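Pasting a structure here, questions to come.
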């Protein structure tokens, strides 16, 4: 089992790195939120992996902590989404930078056709 | 390499690839879809790690409801401003990559060190919970921790959800006209609803009941019920409303009320506060929590303080 | 006489929680009445709990009858007793202000339930002896607090709330990772128990740094302060007051608990503590200079918070300053709450928050201007005031430790504070230019003025109550002479006002 | 018993084959409708075969019934979602993705 735990720990750290990278490079607030949620998943994966050490069932206290973590993160995410929608209604902005940078890559406007 | 390790290797490869797609995917819509897929893969990983309760919670809440909320928000952003809603702004930050790599390496170092050590001597909270299981009429230690021994945390967790709903009362569009139903009605969808909603209620009830001995519990059950509500919302059978009826508000705070009253009520019997006794009290608390969680999650998805039946 | 039972601690959390539920069910009118009543009830309960504390010393309550490591412990000692008083008094004052300034209309319906929920979460956080319960408490308080910033859905406030929320989410994840590490190596979440089991070494340092980093982000310590001024500057006045006086302080409180109660056996703590204190020094200088350059009244007050938070980091390098630091935390809480309320009244009267609109205002709303002035006296550290006592204690500690840099910084900080606050006075008492004579001035509701005045008087009053308050405040275990391997032994202070 | 195990392995292999074919189809087919065609094959037949394999392997009627429900639900969901995707594409008059 330890081999697997090592694997999951590696995955958690890569996910954490990707999450931080995403938070730093994202301009669109939805992307920032995706990255923060990714980081949250990485932390929870780490918590579970740590709870699964040793023999027998994973530590129930860690599991309860993770359920709490999931609930807290959906609460915070929904608050952020509500703020984002309100922000767009008032200012027409979907990002927090003082000046909008020129859009890079393709627009997501054709989402309906996918 | 055993078959299990191979499977784990495949799962984490998937996790990392999906996470990369979430962060670096060119289109926002695609990134959101990948995030949902990541949540499901994460649920598989957690099941592999021996935590089916968490796998259920992650699949239903982390991937399912969060994903639905993200997609609905994406759509509403586009509806408001098709030109800008989905646009991608990338910031050029030269620090981003080194910072991310450094933190990833530090977390890796920390994690790999921790995997190979066990807690120092002294009783571990989790072991204490497993030992206490023998004295209570339940078999699932996670439910035990959530309700019996650290129920106070669960109560606070419920308040966090309620806090998010209270925020919606501030942030929702104040004008009812800007709250259209999410989708027009489609015949086949009605057929799906006719089947899916009763099944969701059944599954929710089962999960609630099973929480005592098998994986499940109030959070998973509430999420499944909220999922049924999401379907009803998507098909226009339930519509957003800026006002919450008294009954709805009572439903949202029901879990807090029942848990607080039963938890504090123990003091009247000379018991410690939150020492929830007996099976029936547990079911009462879990049932009330399920109702509140389901309603709150549904409202968080709808992004409005209330919900109503559509006008005929 | 019968002493209060430990179970009374629960009511500090559940009275506001049930009031929040009642406000959801019964509406704004009931909500605002309940808010004020709950504060009064809390004050009475704190009197009883304080009585028990002075008779028995610190005590705790194991929830569900299960002791740590599994169970959750609520604990009362001198530190959180004082902070609970601060929360109650600030909430009483700000709720009275909100009674008139928010009211019981549509704004009130949205305002009162999260307002009460935040009170419950703050009290829960302060009482908790559990690292994870503290995390949930901080999350609830942040979520409620952030949503209240955006109460009026103005563009600035929405941006500020969003920025705050993103950083708060990041900060709490980092903190949570630290808690996960602590649990992984000790099997306990109670900070005292977990602390006693921490083995030391690299992993312990990592856990400590993660928790510290997350909390520094949440308490806006320089250079992580960027989110604070817009958030505190754009919220409704009672909300700004609570954010500045309480919400940033409780994450610092958690930091103190972790650093000084967990008794971490790590040798390298001294230099880390020096670094934290250096951040505090940076906050002091940067925040003050930024406050000097503001053109908007509330942003000036908000940058002042950034600066004043710097003092609260001093204790990490100078353990002898413990009492002074906590005294400053309390005095700043009261004074800053008063100042935000008074500034809110001034802005309300003018219909603008530009500093250059202030001239002549003293004749229209003298009570608010006076409250602002009293709060400023305490912030500048002029005698007699809570701020003076606090700074005196810190100076004495720095002097005795021969930390001349700190002596210099403390004095410079006071001078800079005086500089940016006198700027407000100079403008307020300046004669109006004839051009602006026609400008209408609205009169704030008397409650709005009285609440600001009352909080400011309390901040001044703290200058006369040094001894009884400091008696309550025992040194934490890590700061006891010879107790900590990491930190230098603290100095013995004669507690009491100079 | 050996015959039964053999059947389990056969069913799994064939089921996975369907999944593989469906996935390749999803990736390689040129337009939306043929992709949906490929996907639904994997969903329906592939899942059925894998469920059947697991039902046999469990040797329990209860598990077999549960798996039957699982399959039926997946069928329901995939039918409706495939219909919705096709309908949306039809409405948008875009047959390419």
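Per-chain residue numbering starts at 1, and chain names A, B, C and D are given in the order in which the chains are listed.
Please note the rule applied: a contact is a pair of C-beta atoms (placed from the backbone, for glycine too) under 8 Å apart; a residue touches a chain by one contact, two chains touch by 3 or more.
No experiment lies behind these values; they were computed from the predicted model shown.
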Query: Out of A-B and B-D, which chain pair has the most contact pairs?
result: A-B
Message: Taking each chain's centre as the mean of its C-alpha atoms, which one ends up farthest from the centre of subunit C?
response: D
Query: If you average the Cα atoms of subunit A and of subunit B to get two centres, how far apart are those centres in Å?
result: 14
Field: Centroid spacing, where centroids are CA-atom means, of subunit C and subunit D in whole angstrom
entry: 58
- line: Whole-angstrom distance, CA centroid of subunit A to CA centroid of subunit D, is 30
Query: When the centre of a chain is set as the mean of its C-alpha atoms, what distance in Å lies between subunit B and subunit D?
result: 27
- prompt: Do you know which subunit C residues sit against two or more other chains?
  reply: 70, 132, 136, 139, 143, 146-147, 150, 153, 177, 183-184, 189
Message: Residues of subunit D that contact two or more other chains, please.
response: none
- request: Mind pulling the residue numbers of subunit A that touch at least two other chains?
  value: 33, 46, 50, 53, 61-62, 68, 72-73, 75-76, 79, 83-84, 86, 112, 114
- prompt: Across the complex, what residues on subunit B touch subunit C?
  reply: 106-107, 110, 113-114, 117, 119-120, 122-129, 132, 145, 148-153, 156-157, 159-160, 162-164, 166-167, 169-171, 174, 246, 249-250, 252-253, 256-257, 260, 264, 267, 271-276
Message: Under the definition above, what is the set of subunit C residues touching subunit B in their complex?
response: 7, 10, 14, 17-18, 21, 24-25, 61-66, 68-72, 109-110, 113-114, 117, 120-121, 124, 132-133, 136-137, 139-140, 143-144, 146-148, 150-151, 153, 177, 181, 183-189, 197, 199, 202-203, 206
Statement: In the complex, the residues of subunit C that touch subunit A are 70, 132, 136, 139, 143, 146-147, 150, 153-155, 158-159, 161-163, 165-166, 168-170, 172-173, 176-177, 180, 183-184, 189
- prompt: Across the complex, what residues on subunit A touch subunit C?
  reply: 23, 29, 32-33, 36, 39-40, 43, 46-47, 50, 53, 61-62, 65, 68-69, 72-73, 75-76, 79-80, 83-84, 86-87, 90-91, 93, 96
Task: Under the touch definition given earlier, write down the residues of subunit B that touch subunit D in their complex.
output: 186, 188-189, 191-192, 195-196, 199
